[in-house]
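Below you'll find the structures, each written out as structure tokens.
Next come two complexes built around chain A: one with chain B, the other with chain C.
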Partner chain A sequence: MPTFTINGKEVKTEAGKTILQAAVANGVRIPHFCYHPHLSIDGCCRMCLVEVEKIPKLTIACNTPVTEGMVVRTNTEKVLKARKGVMEFQLINHPLDCPICDQAGECKLQQYTFEHGITHSRFREEKRPGRKRFKIGPRVVFDEERCILCRRCVRFCREVSKTGELAVFSRGDKSIINTYPGISLDNKYSLNTVDICPVGALTNADFRFQVRVWFLEETKAVCPGCSNNCSIRICHRRGKVYRLLPRKNMDVNKVWMCDNGRITHKQIETSNRLTVPLVKKGNKLEEVSWNEAFDTIAKGIQKIKNNEIGAIGSPHATNEECYLFNKLIKNVFNIKNDIECIVPSWEADDLLIKKEKAANPQGAREFGVKTNDTSSVKKIIKGNLKALYIIGNDIIDNSNTKQDVLQTLSKLDFLVVQDTHNSDLSSIANVVLPSATFAEKEGTFTNINGFVQKTNRAVPCPAKAKPDLEILSGVAKAMGRPFETIEPDKVMDEISKNVKSFKNICYEKLGETGIKINN
Partner chain B sequence: MIVNRNITMTWWERIYLPEIFRGISVTSNHFFRNLIGFIPALLNKDKKRKIFTLYYPDEKVEFPPAYRGRPVLVVDENGTERCVACGLCEIVCPAKCIEIQPDETELEKERYPKSFSINMARCIFCGFCEEVCPKEAIVMSDECEIADLDRNKMFYKKDQLLISKNKLQKRLNYIKEIYGKWNY
Partner chain C sequence: MELYLTKNFKTRGSKTLKVYLKNGGYKASKKALKKMKPEEVTEEIKKSGLRGRGGAGFPTGLKWTFMPKGNEKPKYIGCNCDESEPGTFKDRQIIENEPHQLIEGLIIGSYAMGIKACYIYIRGEYTMQAEILQKAVDEAYKENYLGKNIFDSGFNCDIYVHRGAGAYICGEETGLMESVEGKKGQPRKKPPFPAGYGLWGNPTTINNVETFCHVPHIINNGADWFKKIGTEKSAGNTIFGISGHIKKPGTYELPMGYNLKDLIFKIAGGIRNDNKLKAVIPGGSSTKVLPAGMVDVKMDHDSLMQAGSSLGTGAVIVMDNTSCMVRVGIVLSHFYRHESCGQCTNCREGTSWIHQILLGIENGRGKKEDIDLLLDVAGNMEANTICALSDAAAWPIQGLIKHFRGEFEDHIKSGKCTCPESFEI
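Our next item is the complex of A and B:
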């Protein structure tokens, strides 16, 4: 472990670390553009210049390894002057686009310009012209003029997504980022290049011009896109979710997130959201109060024999919801049958995307729910069932079996659907209970490797919809056997007492990145 | 609390009476001018009254360019607003009365306000929006007659805020002078 001095402070650092990494670890901030902790080192922006004793010239911090007895200074006059010079060069071809640029507010160039007090340009010639708002990929918009050629995006496509669409073309003043001829920036992780772009050269086509970033509030949550459960931040303003950004979690997603995960927030504000409880009267579904809906369920369930009632859980539900649903079915309804659930799947890859396309199938399995893929739907609903309680609509996810399933279900005496969106399933139900999407509820998710993470409520439920925990407790109450608690943290305490694998889990211990369950 | 303003009076001021009489003469000058100033206009219709009050609303005050009336959006020669919906006025507004919904446009400026509303019932006429605007797109006009009996009508929408550049030229020149690039 080499010991070195940084700004007069003697610190120890791991062998092989560069000055920049050691500085960050010791709370010293060195401005940089091209360096990214999860990409290889390029050293092309020259912003992180520092003064090292016995080295005649200033040297870049990002690519100089720390050696024993090194004396580094990051804030001398010489360093500041050099940095200001680098900034001046960066700004030569950078347009004064801040009022229209989406990156404004989270732009490194803007931040450093402000910090270094650069108020005017000495450059008297024409700025380099370039393509504005060029669609470099289906989800990414590229602005050639704003690019400062840090090559983070190039390195990302080569090293992380391993697709390598991008490269720097031409030389010198004319060098420019572009895709190779004939292809576009179209990989499953392309929007990460937008995140790591230090300026506004790459912007998210979907989020562009929607809202200013300084108005957005951030809520720490978990991506519901697949069973990898990437840590995310939900950016929202006035009850509307605008974008999802990845959050650092070295155990789960490092700092990346897939493009499919980023559009999961679109399910929140759609026209087909279920917003009020509905009960079938005659042949039509009619709006009722929550109490009436709960009473209808209680009456309907009590009429039917225990062994003729089935339950299908949701792989999208949180651990707490899975547990309470189990409790509702086993203890309140007294049903001995297993709770089944259908998990939709898609193509997995070896970076982040996992095969099961639901947030919490692993959590459901921990609570004894049987998970099946979409092809086995028919097997589950066959038999002598007369009543069914379904959470979610994954049961009709498979288009091959959809019509058969709907036909079988419509023959049931009593069908309860607890779902977020209006679908063919909810239209044949006897009682429809509107529930909350991932951004509207609090709870924990267990990912495929057993990491339990907490997700928080970012926006309120639309109209009369309620989080699933409240709905389940409402049903239990109407059945005359109310739950002790429905607060997510109290429910988790109950889970850790009753479920063996969750023994070490409680909300205080989870923190921001979550912990692993015992297997 | 006694505030020491560091004022030292001259000998002339300290003897008190001359300054008192000077004050009285200013006041009585105004009084007598208002008392008889209308007579010339009464005898000859072409002459202007010399009194200090105005017959509002028949007569309107001509405001100096420094006057801060209701904020308006400048419309450029090409007929579109200068505003690019950057959101700086929205964040700087101390009364939080501005609301902007940006959107993309085919024009060269890329970005424009799809909707822009100012709640004039809340506006405090501080002029921060004008000062912060990087495009000189929102300026304080000389309009001050905005009172209404209905609060809902006090929400000024984009079409009510747009005013052509020619009408605002005086204020635009003035803000260039006071908020100009190197004046801070």
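Our next item is the complex of A and C:
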């Protein structure tokens, strides 16, 4: 562990760290554009120049390893002059269009300009023109004039997504970022280039001009897109979610997330959300009060023999929901049959995307749910099952014999569907319970590698829809066996007492990035 | 004055192996490989005081000692024949006239550093020269001066001629390495340094063509012989190239420390049309200009440094009194703007800004404060980037303003060129 001095303060740092990394670790801020902790070092922006004793020239903090006894100064007159020089160079050809730039408010160039008090330009020449609002990929918009050529996006595509679509073309002041001829910036992770772009050159085609970033509130959550459970921030305002951004979690997603994950919030505000409880009267589903819905379920279930009732859970449900659903089925309904669920899947890759396309199949399994089991359907065909309680609609959504399944399910005497969206399944149900999407509820997910993370409620449920925990508790109460608690943290305490692999889990210990279960 | 580098240039067939052998060629490499240990060769070069002839003047022997001793990784020599510094054309003369001198130097250098492969990076525009060089390499292979078991010494060495694609920046050693590897020519950040992480991540030493050509002569005649030539800190001869408004432009082999004024007036015949001398760029376009009053100076690293310029590649560019210094600045800054690789902010933006300010002055748009702005921009470009191109673009402008500020002021005041007979741009 070398000891070195930074701005007069003697500090220790890990061996092999660069000045910039050691400075950050010790709370000293060194401005930089091209350096990114999860990309290779480029050293081209020249913003992080610092003074090091015994080195005659200023040296870049991002690429200079700390050595024993090194004396570094980051705030001398020489350093500040050099930094101001770099800022001036960055700005001469920059359009200075902050008022109409979507990056304003989270722009490094804007921030450093403000910090350095640069108020006028000595540049009297014509600014270099460039292509504006150019769709460099299906999801990314490029503004060449704003680009400061830090090449983070180029390195991302070469080193992280390993797709290498981008390069710097031409040289000198004609240098431009572009895709190689004939291809576009179209990979599963392309929107990360927007996150790491320090300026407004690369913007998200979907998010741009929707809202000024300083109006956005952020809620720490977990991406429900697949069983990797990337840590995310939900950016929202007045109950509307505008974008999802990755949140640093070294065990799970580092600082990245996939493009598909970023559109998972689109489900929240679609027109086919279920917003009120429905009960089938005659041949029509009619809006009812929650109490009426719960009572209808209690009466319906009590009419049918225990061994003729089945339950299909959801791989999208939180750990707490899985646990309480289990409790409802096993303890309240007194059903011996296993709870099943169908997990949608897609093609995995070796970066983030996992095969199971649901937030919590691993958690469901921990609670004894049989994933990818459809014995209920077979039982219905045989006439052994008369009632079914289903959360979610994966059973039809991921079946290639959707119509057959629907027809089979329609033979049931009693079907309860608890779901977020209207579907062919909910339309044949006897009772429909409108539930919450990931952004509307609190709880934990267990990812495929066993990391349990907390996700938080960012926006309220639409109309009368409720978080699943409240719904399950309502049913239990109507059955005359209310749950002791439905507070997510209390439910987790109960889980850790009863489920062995969750023994070490409680909300206080989870922090922002979660911990691993014992198995 | 004893010539050794260019002594045989006028001999008929000097570029052939036959003539080179007749003139005593490959004696030095035989001596080194058969009678000397590699360390002894390096030591001899170190003792000779040979400094790199590519511009920076770094001690060659010392550079060779930076190479790791072991053989865990392949090691390489990169021979810099990019020769793209404006005003410089000395290496070209060597290749055209006596390429075997370079090959022999490379063999000795490879032996000293335990290297099995050398890459000669020759600038793309040198089409004919690349052919001559390749022919010489082929000849050497045929006679087993290259390849396996050279002179039955058990030492193997290969030389590859690699042609550049026409970029000034590929003369910078790490830009050169990127280009050899087939990548876009742009310098690498340091650390790591080439001696540890060079071509394909392996230890590499890059020297200039002329530097290698001194090596056989040092091995033949000894370090003490070499040290006696030139000055105390800049030993040996060098090939000066002189161009511009001069009666006898060309290359001249002279000892280091030769007087610049004598070079211009005695060796190169004086100024064209017997005009008055106005200014001299002493070491290639990147070095700071010297006004006529300062040309009584020795052409070695230290003396020119004292005079506020540098020896560079020893490429002297002479300008007579018709030359407009603003236009000189435009020509130079246009070159650097065109050749900047564009990765460092300061260089990418600074080179184009300087060029545009100077164009503004030339076209009557100049303002009084532009001169200080030029100095400020040049100051911000200096010493703050990955490679020295940014410095090389800043220095000539600083030099021009330092010595000819009045001319810039007049140009701005009158809104047009004040040298009616000047060259056009």
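Keep this in mind: the second predicted complex is superposed on the first by the 507 of 519 C-alpha atoms of A that agree within 3 Å, B and C clash if a C-alpha of one lies under 4 Å from a C-alpha of the other, contacts with A are read in each partner's own complex, and residues count from 1 in each chain.
Everything that follows uses one rule, which is that a contact is a pair of C-beta atoms (placed from the backbone, for glycine too) under 8 Å apart; a residue touches a chain by one contact, two chains touch by 3 or more.
All values reported here derive from a predicted model rather than from experimental measurement.
Asks: Chain A superposed: clash or fit between chain B and chain C?
Replies: Once chain A is superposed (C-alpha atoms), there is room for both chain B and chain C without a clash.
Asks: One more residue to check, A:R171. First (chain B), second (chain C), both or neither?
Replies: The second partner, chain C, only.
Asks: Which holds for A:D42: it touches chain B only (first), chain C only (second), both, or neither?
Replies: second
Asks: Of the partners chain B and chain C, which touch A:I60 in the superposed model: first, second, both, neither?
Replies: second
Asks: Kindly classify A:F114 by the partners it touches after superposition: chain B alone (first), chain C alone (second), both, or neither?
Replies: neither
Asks: Between chain B (first) and chain C (second), which, if any, makes contact with A:W346: first, second, both or neither?
Replies: A:W346 sits against neither chain B nor chain C.
Asks: Quick one: is A:Y180 in contact with chain B, with chain C, with both, or with neither? Answer first, second, both or neither.
Replies: Neither partner.
Asks: More residues of chain A are touched by which chain, chain B or chain C?
Replies: Counting contacted residues of chain A, the larger count belongs to C.
Asks: Just how close are chain B and chain C at their nearest CA atoms in the overlay, in Å?
Replies: Minimum over all C-alpha pairs: 20 Å.
Asks: Do chain B and chain C land on any of the same chain A residues, and which?
Replies: none
Asks: Mind listing the chain A positions that touch chain B in their complex?
Replies: Contacts found on chain A: 98-100, 104, 120, 132-133, 208-212, 214-215.
Asks: Touching chain A in the complex: which residues of chain C?
Replies: Counting only chain C, the residues touching chain A are 167, 169, 184, 186, 189, 191, 337-346, 348-353, 356-357, 360, 365, 367, 373, 379-380, 383-386.
Asks: Of all residues in chain B, which touch chain A in the complex?
Replies: Residues 84-88, 90-91, 102-104, 109-111, 134-135, 181.
Asks: What residues of chain A sit close enough to touch chain C in their complex?
Replies: Touching chain C from chain A are residues 41-47, 49, 57-58, 60, 63-65, 81-82, 85-86, 88-90, 92-93, 122-125, 128, 148-149, 151, 167-168, 170-175.
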